[in-house]
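I am attaching a structure below and will ask some questions about it afterwards.
Labels A, B, C and D are assigned to the chains in the order they are written; within every chain, residues are numbered from 1.
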Amino acid sequence: MKKYRLEAFSDGVIAILITIMVLNMEVPSGVGADKLLPVIPVFLTYVLSFIYLAIYWSNHHHLFQAAIGVNRPILWANLNLLFWLSLIPFATGWMGENHFAPGPAALYGMVLLLSAISYWILRQLVLASLTSQARLLHPIGRNWKGWLATVLYLPAIALSFLWEWVSLALYVLTALLWLIPDRRLELALADREAGC
Amino acid sequence: MKKYRLEAFSDGVIAILITIMVLNMEVPSGVGADKLLPVIPVFLTYVLSFIYLAIYWSNHHHLFQAAIGVNRPILWANLNLLFWLSLIPFATGWMGENHFAPGPAALYGMVLLLSAISYWILRQLVLASLTSQARLLHPIGRNWKGWLATVLYLPAIALSFLWEWVSLALYVLTALLWLIPDRRLELALADREAGC
Amino acid sequence: MKKYRLEAFSDGVIAILITIMVLNMEVPSGVGADKLLPVIPVFLTYVLSFIYLAIYWSNHHHLFQAAIGVNRPILWANLNLLFWLSLIPFATGWMGENHFAPGPAALYGMVLLLSAISYWILRQLVLASLTSQARLLHPIGRNWKGWLATVLYLPAIALSFLWEWVSLALYVLTALLWLIPDRRLELALADREAGC
Amino acid sequence: MKKYRLEAFSDGVIAILITIMVLNMEVPSGVGADKLLPVIPVFLTYVLSFIYLAIYWSNHHHLFQAAIGVNRPILWANLNLLFWLSLIPFATGWMGENHFAPGPAALYGMVLLLSAISYWILRQLVLASLTSQARLLHPIGRNWKGWLATVLYLPAIALSFLWEWVSLALYVLTALLWLIPDRRLELALADREAGC
């Protein structure tokens, strides 16, 4: 089964998710710079969620460059990931409009956690579909970033009811963590550029 | 006629349909967990419709991998399918906001029924465009899932006026039915992977 | 210059235009079948505009299969076409919500007219970019459908202020006219399938 | 790393941005031609922003035809560009609804300025990824349009608080400036059409 339609469909969904989050920023009715003030927390959550979706798109992009083909479990694991990502605009909007209040901040963390778990499942299935030789280049056991992100999301959700700013800081930290490149995958890809 | 633009256009439409359904979930104005309660039925119908659209995308994906090219009837049968799928967000929104009330549940079933019929027409046209050799591998007469889905939608629409939860259960059941893989198509495809 | 990005971008814009028109159909707040009544004119204009955008997508698809490459004038003529098409949802919404009243019906006709002229310009530029041999297969002088559509839109716009239903009938008639296949282009394409 | 997914994702985002700006034009509730009057400034800002996004798409299209592959800095510089472009609908809506008032006109200029800078960074990274031979064909030092646009945006932002129509005229002028073709890039591309 060819992989280009799965890539194109995922690109479409993520592109739309990024863009409809902008619709959460309501155009102010007045003119002055002070009219922009209530938009600022919505804008900041938009920036955070844009970065998260950009990270997922970028990681997805890398992961499927490594993939040789698509089987049924990969196809549905990908749809599962897209489902959880599709809840990010809702969670972002709720958090942004309520200035990072405990409830919305916890929901945001849960959506991020479930997205991370879904990505991890997808990653395992793609790695499992590779030949044993290709898998050697992507040692699953050393996927420390995925584990660390999950470990950070859990206290972030719990702490959102006590100190919501701590959980927000943890969301930012995890995003920064993912921005660090995944060297192994890039190196492995460099070897099989000729294929595809 | 090449098939990649038909695939790309369908991918785009289905990706957007999935995503704009999220806009039906209005961001609550308050903060507490109880503010999420009215969103729950909208969320559950979103999950159901997401699964339906994911099934259509997945089946479409399989069907057009089997296709060799696109002729005019296939192109318009595909646009017809996309038309009925495009009504799913409206029907979903109406059903979700009214907690599965009879009228909206019947409309939802009718949109699903017409989508299923449109997909069946598209399937027949794609199969008809294959060579007789390729068609042997896709015996039309054994398309039991398409028939069963249609048979289930009809009582679901009728029963929605008496016991709306029964019709909802039938919609869920039909979705689960489609999630079972269509082995024949996948096997047949495995033979001609080299093509495209 | 490669043509696939122009195709992909146009596919994206048209797919989104089709889909956001669905957002014009507001989810009714009540449950009964009578609550659907005010949605019916919006639905009917949606059907008409869906067919128009489907025709444009289909014609665009055929036209660019004939194209060998993309030059700067073609690129901007295509963006010009997409601009006028992008106004169809607005014109559709205004007409649908006002039950085909004179003003909105005239605006709808003007958007269709300008889209038709833009498509005609794009068509001429694509044909001009073909070799003289390929152009022989697409005789420009026999583009009767483009001319007839333009001739029909003009009275439709004028008559919308007297008998709006006549102009609506003309819009439907023109859509049906375009649904008739353009044999010449398809035949010409059959010859150069190997290319692309 | 292949470039087609970066292109497809960027196409998707820009296509959606163009299209959701249409949603800023609210369908008037009445029927007469005078009901369209309040829509006119929103329409004019839509035209301006459509042209800007079309220019970015067109330049992006040219730039990546010159690109051989995509590395991590290019991928993130592209996402950075898409982020600033994604703010154009918000800035457009605010400016359009307030008839080019000082504050919104300044914000619009700042979004355009940051988009221009982001494009410039992306351009530098793509040029840096080319071989020294290919770079000779794209002399960075002669990128006069990028510099002139930046030079024009700065006074446009400042002047928006005194004479907002002057800054609007500068935005229009800069758009017209970009519409002039970038001959060098096109010529350079003509040489390596066979590749990709």
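Simple rule for what comes next: contacts are C-beta pairs under 8 Å (C-beta built on N, C-alpha and C of every residue); 3 or more make two chains touch, one makes a residue touch a chain.
No experiment lies behind these values; they were computed from the predicted model shown.
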- Task: Indicate whether more than half of the residue numbers at the subunit C-subunit D interface occur in both copies; give same if so and different if not.
- Result: different
- Hey, which chain ends up farthest from subunit D, C-alpha centres compared? B
- Item | Euclidean distance of C-alpha centroids - subunit A vs subunit C, Å | 37
- Query: Just curious, how far off is subunit B from subunit A if you go by their C-alpha centres, in Å?
  - Reply: 26
- Message: For subunit A, give me the residues that contact two or more of the other chains.
- Response: 8, 12, 16, 20, 23
- Contact residues on subunit D for subunit C in the complex? 7-8, 11-12, 14-16, 18-20, 22-23, 25, 27-33, 35-36, 47, 50, 54, 57-58, 61, 65, 179, 181, 186, 189, 193, 196
- Message: For a test of understanding, state which residues of subunit C touch subunit D in their complex under the given definition.
- Response: 1-2, 5-6, 8-9, 12-13, 16-17, 20, 23-24, 72, 75-76, 79, 82-83, 86-87, 89-90, 93-94, 97-98, 101-104, 107
